[in-house]
Structures are given as structure tokens and as C-alpha cells.
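Input: structures, listed below.
After this come two complexes, each holding chain A, first together with chain B and then together with chain C.
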Partner chain A sequence: MKISSWQLLILLFLSRIFITITYFTLEDISPSVMMSTSAFSVAADMILVIPTIFLYKKYPDENVIRSAFEISKIFGVILFVLYFIFAIFMIFRTVRFFLYFFENAFLNLLPTIVVGILLIAASAYVAHLGIEAAARSASIVFVSFILLLIAVVFTTAEDFDISNYYVEPIGTSDIFSGIVNGISRSSEMVVLVLLLPYLKNGIGKSVYGFLLIKLLFVEMIVLLCMLLLGGYIEAVPFPFFTVCSFAKAPFVERLDAVFLVIWTLMGVIKLSLFTISLRPASVLIKPFSSKMATNLAPFVIGGIPALYLAYKEQMIIPLLDNELTAAAIVLLGTVIPLAVLILRRFKREKN
Partner chain B sequence: MKKISLMCVLILLVSITFSGCGGRKPDSVGIVQAVGIDKAEDGFKLSLQVFRVSSAGSQTPIDSSKSNVEVISAEGKTIANAVEMCENQLGKKMFFGHNQLLVINKEVNDIYSCLEYFINNFDAYLKMVVAATEKSAKDIISADISSGAVAAETMKKIFDVSKKDGYSTDSRFFKVVSNYINTDGTAVLPLIEKRAQAISDKSKESGEPAQDSLEIKKAILIKNSKFSKTLDMDEVFGINYFLSEIDDSDMIVNTSYGKESVKVKNVKQSSEITEQNDSVKLDKKITVRITLDKEESKDHRDAIKSEVEKKVKEYTESACQKMLSENSADVLGITALVRQTDYKLYKKLIDDREEFLKNVKTNIKVSAVY
Partner chain C sequence: MNIDDKNYAHTLLPTSAEEFKTMLKKAAGNTMDVNVSDIMVSGHKCVFVASEGMISTDSLSELVFHPLMQFNLDHKASAEEVYTFLTQQSLMTIDRQELSTFGEVFMRLFSGFAIIFIDGKNKAVSLGIQGYDKRSIENPSSDTNIMGGQDGFIEALRTNVSLVRRRIKSPLLKFELMQVGKVTKTDIAISYLSDRVDKKIVDEIKKRLMDIELDTVFSTGYLKPFLEDKHKAIFSSISTTDRPDAMCIKLNEGKVGVLIDGTPFALILPSVFIEEFRTVDDYTTRSFYTVYIRWIKYLSFLLAVALPGLYVSIASFHPGMLSHRLLLNLVASQESTPYSLTTEAIIITIMYEIMREAGIRLPKAVGGAVSIVGALIIGDAAVTSSLISAPLLIIIGLTATASFVIPGLNQQTSVLRLAYIATGGLFGLYGISILTIAVIANTCVLSSLTVPYTAPISPITVKRLTNILGRPSFLRLQKTKGRVEDLTGVKK
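Up next is the complex of A and B:
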């Protein structure tokens, strides 16, 4: 099953924007600096993604793990284990972040553990249906997200305060930390490396389209929070959620409830992508050759600790800090694809 | 594809019903309409105006001619403690999503604790009005305003009209908190007073008990997170004209033709900031659009226009004098303006905010147009 470049773009976008609309905070960084450094972060992404594009152009039906198998079986297995661990960690992190957001923003709505179980079960099911089902659902969620974002902008426009807008000059350290923060939130760069065999064509359109649309929406969301909330932005842990609860439309009293569903669906898509992306390579490794095993194992290993922490009401979230996460993403999303490309070239020349 | 689309659409439709009291049964939720906070010996005395399903003395559950609210009070070391005590009294969880009004007694010292509880409560309505009172906050929210089933809604309308007319500053919760955070604990709140029972002609005739009335005639400055000076009406007008917060209001001016009533349709302003000897000069142009009830001669119209300009200039200059020179308080958005215009200058001056505000030189030009 293959997906179009647009479908891949939407999948990657939803997976990324899910983070921005749930648990990005502006407590430690001013919105102005965030807006300025986002552009640098996207520029860095554009460079980091180059080996992935070359890998696709050279071997369109293989992802990085399958290519590694062509070099050596052991190398392939090592890479599979690395990406598998990454998927588990990201599932753990995503579920825990979402439940943290849910616990705080929707107090007493439903038991958090129930929401977590449903989220994991739905994600495992979508992963089982495969990339095509995920891509089609993503298109609908994408349209719903755009419509609701437009509704939020229109219903809050009268309260925009232009005096809240300012441009803070940034220095080299701001740019560097902005790039590191941006990369640490871009697990899609790793997912992309693994999703390549599913793509029909147009890798450049997908990847650069995704990065540009990501930049546009991140800037728009931060600007919206800035104009509307002003100094209040520093006091709230989930600025975009606050903006949504602020919006008062005639057709729905508070849009946050509708957004919760869209956020949850985005979460489902993001989580399912981690296991779907492992699928093309997992068939080469015996214990994971069954579809069920690939789909369930990461959710069980990554999801259960996240549920346990939610059950124990432990608010500990990051196991790794931003620098380490960013380093892992650069390693798995750029360095390894580049290494695989070089090694395969050597091997071909040797042969 | 069709199945997936249908499923997503259904989920979205169902989600619309999620908005409300968050999965709680109405009889187990106390729907708070207004909150009053007074100082207690050890902490806060919290009073909540809570919606009651059966109205007082009425045959029907909701009767707009009767009050559908009750007021409960409790003391606690923190606001959260006091809310818990109220919940214990009523046997219900309190829901602040419909809260219209937060009244804080002038005696309360720790204002941010009062605001912080609502910042951290994601249910709280961000556009509720925050006001102060010199007397008991409980008295204010217990005022017997019988027009409408819920007194707090009528109270909110009083604030809305006062704001539009310039009698009250914009004191919606998110604006107050935003200003408070941006300026290290400065804000202006309208000062609300309960008047002795107003006996209308209608109630005299019918023999019905007279109603209370609330009025906003002053405002109070919060500085360094504490209640500070009281501002008179002219100063409040000055702040509102300075910030162009006046919309469709009336003004009375004295001209050689006598007293005239003028309708102020709207106010527009533009500002220019220039650095001047480690200080800031603010050139402000305020344009007031006015209309008259009837046709007047050109001379008459010019006389009115000139009086309006004079009066608005007096209001705004008096507000600047009181806020900047006398109190070094930034309720006129000066720091935000400097930050927007010249961030480096802002960073240079903000370390000594008080000195910077004290030394701001203002040059206000007012023009009235028909």
C-alpha cells in the first residue's frame, strides 16, 4: 500500500502540530523569541532531512533499516532495535504528555487511566489497519483542525490586543536553543526515514511542504496566543488550550470540547505512525514478522509505564531532556541515513 | 473511506455535547455566578453566589422575577481551602465556568493569590469581571437585584454598560491578569458600591420590597500587588480616553450657548515614542468622533468641538499626572508601547521601572471630529 505525497505531508503535519497545541508552554521563552527561532529551527530541519531525500531517491522501495539489511544483517538488526527503542520511548512520552494535559485541562471529565487505555487501543487499531487508513483519517482530521482553527481566530478576533505584539531581538544562544528545542519536538524526522517505502512519489514536496506548513502554523498559533493573552501567556501551562476555551461561538459555547476530540484523533495518528513506520523492516526480523507483534509490542512496552505513571498521579514527564532528545533525532533521522547511504555505496563499489 | 469519514464526523458531533459541566450531574455541581473575597483573621473569607434550581418564593423552577441564587460563605487560609469549605457546606463541587464577577475587598493584601486560584482553574470563565469594593465583598454579591433570575448576570451588565460609557476600566479577568504580569503587579479595578435600597415609584405603589442597586463611580489602583490609591471618575475617564476604550458614550460640556449633551461615538489614538535623555517622550494623538442630537450653527458646533477637546485633554493629562508622575504605575500601557517600538530601549529602562515611568513626558493632542 502506498500513499501520496500530500497524504504523507498531512500525516507528518498532524503528528507535529499535536505537540504545539497540547503541551508547548511559553513560561520560559517569550512568544517573540519562539516565533523568531522557529524559522531557524525549520531551516535546520531542511538541512537535516537531505540524507533522507537522497536515500529515497536512490532506494525508493526501502527504508533505512531495509537498506541496512542489504549491507549486513547484523547492522540491520541493530538499527531495527535502535528505531524500535525510539518508537517505544516516543509512545511513552506522547501518551504521558497527553494524559498530563488531559489531567490538568479536563479535570474530572473522565478517569485519566480510561482515556489512556482508549487512546492506546485506538492507536493500536489504526496501526493494525495500516498506513492507508491512517492517511485517510488524517485528511479528515486535518480539515476539521483547519475549520476549528478558523473558528477560533474569528471568535476571538475582537479581543486581539495589538499592543501585546513586539519583536525581541535574538542572539546566537537563542538561535541555538531554538534549533535544539525545535529538533527535540520533531520526532517526525525519524518517522519519515522509516515511512519512505510507503510513499508513491514526490519526497521533496512532502518534506519541504511539511516543514513550511509546520512553520506557518506554529507561527500562527504563537501569534494568536500572543495577541490574545498578552502577559497571561506566562501564567498558563497550555496557552493554545486557554485560547480555545476563550473562544465563544454561537454554535458551540466552548470550543475546547470539540478540540479535545481533534487533539485525541491527532494523538491516535501520531502514536500509530510509530508502529506503522516499523512495519516495512519488521518483516525481516523473525520475532516481529507477525503484524500483531509489531503493532502491539511498542504500545505495550511504551504505553503501560505511561498509564502506570498516570494512575499513580506522577507528574514526572521527561525522561530525557531536550538536548538528548534532539541528539537522538539527529542521529536516527540524519546521521544513520547518511551512514547507510555511504556504506551502501562502498559495498556496491566493492562488489 | 466512507466508514472512516462517518466515524470522524460522528465523533465530532458527539463532542459538541461535551461542553458544559464536565461529566458532572447538575445536582452535584454548584454553578457559581459571582465570587466575593474578604479578608479574614487568618486568610480569606470567600462568598459564592451559587445558582439554585428553585427560585425564592416562586411556583416554577426558574422565574426571572425572583432570585435564583443563594450565597454561601466560608473562611480558609487559601482560596482553595475556602472553596473546599463552601463545597462541604453545600455538598456540591463548585463549577466556575459561568462565574461572571469576582469582587475583592480593598482590605485583602494578597491580591495575586485571589487571581491565581482562577488562573489555575481551567474551568474559570476568562472574561469574568474583576472589581474591588471598600466595604464587604459578600454584601456586593448578596445584593438583592431582582431583575433577571441570576443577579450576577445583571451585575455583569452593569459593568458592561459602565465600561462602554467610560465609568469603568476594562477589568475582564484575562486583561487584569495580563496587565498585572506585564507590569509587575499593577492594574486598575473598578470600585463597586452597594447603594442603600433604592425605592422606585413602582415598588412604592405595589408595596413590594425595594431593591438594592450597585454603582461604579470610582476605581482603585493596584500597585506592587497591593491596593493603592483611589481614582476619581475624571481619572477613570482619562485612562479610558487614553486607551480608546470609550464607545458610544455621552458627555456634557459647558459652552457660551449653555450646557450641551454630546454623543461620543468612538475614540481613536496613535502614539509615538522617542528616547529623550535616558527617558521617554510620548506623543499621543487622540481623535474623538462626536455627534449632536440636533442640527446646530457652525459657530455653535465649533464651540462644542473645542470644549470636547479641552475636556478630553484635561481628563487624559490628569490621568497621566496621577498614574505616571505621582504613582509610577503603568496602567496606560506605556511599557508595552516602548517594548513594541524599541525593544532595546525597553530593556534599558525596565530595570528601574518606577523611575522610567515617573520620567515619561507626555504630549497629548486631542481633536474632535463630527
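Up next is the complex of A and C:
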């Protein structure tokens, strides 16, 4: 089962934009700085992704873990464990943030545990159906997201206040922290490394297309929020959600519930992707060789602690630290593919 | 020779007429509908076998008995002479075949052929003089159109074949006959246009049909599970039609039609989701009107599936989405009813399904009465007595009407509607979202013989999108082929 470059692009895009529309001002960066540093962050991504592209061009039917198995079985198992832990960590993080958002944006709408269980069940189901189902579903979700964005822009256009837009001067530290922030939200760079065997062709088109579209949409969403919310943008925890609450369509008084629908669809796609990406490698590891085990294990291990924390109303912020996440993403998304590439070449020359 | 109704299929025909009759009776078990009689052809003994009610008596006398009586040699004819006359010299029926096993004899006999066995020759000859009673060609029952052809398939396979052939007078149109069902030996005709079909698809269909080990095959539903790629999907990747013109349109797109003897419906595969929204009338009306109606159908599908669920979830969990005036009206109408909105919606939906099912199963003359009882008496009484609220009744009524617009998806819309009401009522729009992504993924994973069921939307095929968003004119259609291969991305 293979997916096209366009489908991969959409999967990566939804995975990334889900973060932006949920909570882009949870950090200490102002929207203006975020807009200015996004381009630097994308430029950094473009460099960081080069080893992955080379790895695909050299071994198009293998992902990084399978390649590692070709070098040494122990190396392969170690990498599988690393990526597996990362997937669990990201599932944990995504579920916890999802529930955090849900608790705060939709007060007392539903019990948190119920929300979490439904989210995990739907994600496990999509993951069980496989990459084709996720990729084709993602295309439909992508169109829904674009329609929502168009609806929000059109229904709020008369309230745009150009004076809300400002450009803040940025320094080297801003650029650096912007890049770190950007990378810490780019878990899809690691997913990409694992998804390579599913791709039919056109990795460059997928990856660079994704990075450019990501830049465009992040800038657009931040600008939209700036123009509408002005100074309030730093006071509200979920700016895009607030903008949707502000939007009023002819038949619908508020678009926030519509946002909830699209946002949930994107969340399910994002979560399922972590598990699906492990599948090509997990067949090599005995306890995970059954499809059921690969699909359920990450959700059980990553999802249940997130549900427990949500139930206890705790966030455990240190584990969600940006620098730590960014370091993990650089390690798994760049350093390891590069190391595998070098080691395989070295081994081939030796043979 | 030992022969019975289990081992007859490969048993060779004997040489003696008496032995043939004995073996035939043993294998058939003295069934009353097999008529066996001795006849003399130019002094040579033959056995005539036919199945009662399956042959045309006019054809029998004109095409079989009359030529046989004309065959008068000046000496007693030998077995070889009779055989040569029957198979080569006479102008009897066009459809005649030499038979050498009892399996072939019974196959032809119960398909309406007359069988002549010649004493002294271990072969029989079958003559096609079928004349069983069949329904006349009538308007299609399930896929009604205004400007398209008004003839529909019937239960007789060969008539259905002729209805298709009449519309495509080209040797490119092929019909391949095969039998399915270990007991029923149901005739199945696989049809396709040889210049545009993917041969791999035809081979795969034939393989899947040949692998079927069912005892009986009486309708399209028996074959569908064996031809579908994914069995646990909500939607079916095989469409059905009872219209020969609709089938011809699909064949022209490179699809394969499967006609089954005994059912007035043909299977079309591969099939994609969006085709459920197309009718033959789309190509007889003006483009702008077709586009308009198509979008009405898309909207109807969404309304039929999700409207009650959305109403329940918005009114119960997200009232802020509604305007104050609308909200006040809803609250006022809801205040007087004893049940929750979700319970009410489920009750009315189930009531509607009961009435719909009763309307379908009852004789047509009585069926209309059900809708009168349902709509006028029960519906009106339920609102007047404040058992249910009027807005909800309007919503369910609108939903039911919308579901009639896409009859091909009726099974799915009925079940999904109830599921949406339940999840919307329990979990609000969040539940609707979760159910939606599950339904989308379940539909997206479906493929029909290498063609994704959700094509050309996802995966996207830009040049085929014009036929979804609108309808290209015939001036454009004559330039574009519009074949199945466009949906798979694989070029011939």
C-alpha cells in the first residue's frame, strides 16, 4: 500500500497545522515574532530534512529502522525502541493537550475521560485501517479545514483591524527560540522518516511542498488572529478558537462548534499517524509483529497516562518542554537518518 | 452403470437408447417435469427429452419436429446419418450443441433446451427452443428516470443480454457465460467492452466467481460479498442497476457488468461512491440543470444522514450556535414534550423506518395507506398530544424525503442516521466528529478491484472532478474517454 506525494503532504500538513490552530501562543513568543521567525524555522526544517530525503532516494522501500536492521539487528531494535518511545510520548502529549484544550474551551460539555476514550478509540480504528485510509481521509479533512478557514475569513472580514498588525524587531535569540519552537512542534519530521516506505515517489515535492504550505498557513492563521484579536491575542489561550467563536455565519451564530468538528478530525488523523508510521518497522520485532499489537500498544501506553493526568487535572509541563521535544525531533528526524545513511555506506564499502 | 443425482455430472452418455433412458431417470429421480419419449427419425430410434414448461411448443413443432419429419431417406437411417443431419445438414435452431455427459444434458435440459439422443451413438444434441414464461419488459422499478429509456431488465438472462446488445451493436461488446451455485447452476453473464476494459479486472472477477462455493445463487446479494474487496465496510463498492441504458453507460467507461439469471438487476464493478449520485437523466437534461440537481443530491445525502443528529446535538449541547429567536421557538416546542430530544428523535426515526418497511412489503394498493396512516394520523396525533415536538417532526420528515433522492444509498443512510442521532445526543458535536472520521476512514479504505471507492475525490483525479462538481457537455465528453483507469492512475 503506497500513497502519493500529495497525500503525504496533506498528512504532514494536518499533523502540523493541528498544533497551530490549537495553541500557538502557549509559549512566550509574541505573534509578531512568531510570524517573523516562522520563515527561519521552515528554513531550518528544510536543512534538517535533507538526510531523510537522501535516505529515501537511496533506499526507497525501507524506513530508517529497516535500514538499521541491515546494519545490525541490535541497532535496528534500539532504533525501534527509540521511535516507539517517541510515538508514545507524542501520543501522550497530543492526547493531553487535546483534553486540556477541550476542558478549557468547552467547559463541562462532556466528561474528560469520555472525550479521551473516544479520541483514542477513533484514532486506533483509523490506524487499524492503515495508511491508505488515513491518507484518503486526510484529503477530505483537509478540504473541510480549508472551507472552515474560508468561512472564518469571510465572516470576520469586516472586523479586521489593520492597526492591530505590528512588526516587532527581532534579535538572534528570538530567531533561535523561534526555530526551537518551530522544531518542537514538528513531530511530523520524525513521522516522515518512518513513513518513507509508504511513499510512491516525489519525496522532494512532498516535503518541500509541505514546508512551504505550512509556512503560508501558519503566517495566515497568526495574521488572522492578530487582525481580529489585537492585544487580546496574548491573553487568550486558544486564539484561533476564539476567532471561530467570534465568526458569525448566516445560519450559525458561532463557528466554534464547527471548529470543534474539524479540529477533532485533524486530531484523530494526527494521532493515528504515529502508530501507522511504526507499522513497516514493527513487523521486524516479534512482540509487535501482529497488527493489533502495533495499533493498540502505543495508544494504551501513551493514552492511558494522558487520560489519568487529565482526570487528575495535571499537566506535567517539564515533560512537554519545548527544548527537550525539539532535541528529540532533531535526533530522530535528522541525526539518526544521517547516521544510518553513513553506516550503510560504510558497511557496503567494507563488504 | 451406477448413476444417481450426485455423480451424474461427469458420467458419459451410453450408446444404447434404453440405457440412456434408464440412467436419465435414475439421475433425475423420476422428477415429474422431465418428459422423455421415443421418436423415430427416418426409421432410426431416438430419444427426445425436454423439461416441462421450459420449451416453446411452437418452436418445437416448427424447428424440431417438422424438419425431422422431412428427413426421410429411402432406407433406414443409421445413427451416424441422423447425427450428421441433426448437427450439420438441417436448418433447425441456431443454438445447438453436442453433448457427451449427463452433466451437460441436465445443464441444457433445465435451461430450456430440447435434447435428442440417437440410439447407437454415445452423444446427444441440444436444440435451443426455450419458451418458458417470463415477465414482459417493463419500466425499471428502482431507478426511475424521466427522459432515459423506459425498459428495464427482467428475470430472464438472455432477454437482458439482448437489451444490452440492442444498444451496443459492436463486436467489442462481449458476454461470457458461466454457472455459479453448486446446486442451482445459475447462469451468469459477464459483459464488457473489450477495447476499454482492463483485462486484469475481468480475469479477477471470473476468478472470484469461479471460487464461489455457494449451493444457491438467487440474487445479486449472493455474489456481492465475493466480488467486494473489503467486507466490513459500510458502503458497497459494487453498484446495481435494473436499467440496460445505465449498464451500457458503465460498460462504455470500461466497467464490467454481471447479469444473473433470475434477477432483474445487474452488478456493475468497479464502482465508486460518487456514481450513486448520477442518473441517466443527467445526460438528457441541460448541463446547468444537471449541475443544480447534482448538488441538490449531495445536499440531500448530507441531510439524510446527519440532519437529525446535528439538530439533536446542537440543540442539546451547543445552543449558542442558534439564533435567539430560533432557540426560543425550539425551547417552547420542547417544553411540552415528555421525552428528551434524543429519545424523541430515536422514537420518530424508528417509527418512520417501520412505516417505510411496511410500505415496501405491503402490496402496492395497500402501501399508500401506510403513508396516510403514518403521516396524517400518527404524526399529527403525536404532535397534537405533545408526545413529540413539531420541529423535530419537520426535521425527520425532511430527512426521510431527502433519503428518497439517493435510493441506492438507502441502507447506509438509514443506519447512519440513527447512529448520528445517538452519538449526537450522547456526545454532542464531538461525538458527531468522532463518528464522522470513523465513517470517512471506513469508506476511504474501500477499494473496488484496484479502484479506490472514494475516487476521484480522494485520491484526487483533477480531470475527473469536473464530472462531480458539474457535468461536462457532450462536446467535451466526446473528446475525453472518461475511463476507469483515470481513477486508478494506471494508464493502459
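Heads up, the rule we're going with is that the second predicted complex is superposed on the first by the 344 of 351 C-alpha atoms of A that agree within 3 Å, B and C clash if a C-alpha of one lies under 4 Å from a C-alpha of the other, contacts with A are read in each partner's own complex, and residues count from 1 in each chain.
Operating definition for what follows: a contact is a pair of C-beta atoms (placed from the backbone, for glycine too) under 8 Å apart; a residue touches a chain by one contact, two chains touch by 3 or more.
Quick caveat, the model's predicted, so the values are computed rather than measured.
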First, second, both or neither for A:E168, with chain B first and chain C second: first
Chain B versus chain C as contact partner of A:W6, first or second or both or neither: second
Contacts of A:T242 with chain B and chain C, given as first, second, both or neither: first
Partner chain(s) touched by A:G230 [first = chain B, second = chain C, both, neither]: first
Contacts of A:A306 with chain B and chain C, given as first, second, both or neither: neither
Partner chain(s) touched by A:A326 [first = chain B, second = chain C, both, neither]: neither
Touching partner for A:I140 - first (chain B), second (chain C), both, neither: both
Contacts of A:L265 with chain B and chain C, given as first, second, both or neither: both
Which superposed partner A:L118 touches (first chain B, second chain C, both, neither): second
Footprint overlap on chain A, comparing chain B with chain C: 106, 109-110, 133, 136-137, 140-141, 252-254, 256-257, 260-262, 265
Chain B residues within the chain A interface of the complex: 1, 4-5, 8-9, 11-12, 14-16, 18-20, 22-24, 93, 97, 116, 119, 122-123, 126-127, 174-175, 177-183, 333, 336-337, 339-340, 343-344
Residues of chain C touching chain A in the complex: 314, 317-318, 320-323, 427-434, 436-438, 440-442, 444-445, 452, 454, 457-460
Chain C partner contacts - residues on chain A that touch it in the complex: 4, 6-7, 102, 106, 109-110, 114-115, 118-119, 121-122, 125-126, 129-130, 132-137, 139-141, 252-254, 256-257, 260-262, 264-265, 268-269
Chain B-facing residues of chain A, complex: 104-110, 133, 136-137, 140-141, 144, 163-169, 229-232, 234-236, 241-242, 245-246, 248, 252-254, 256-258, 260-262, 265
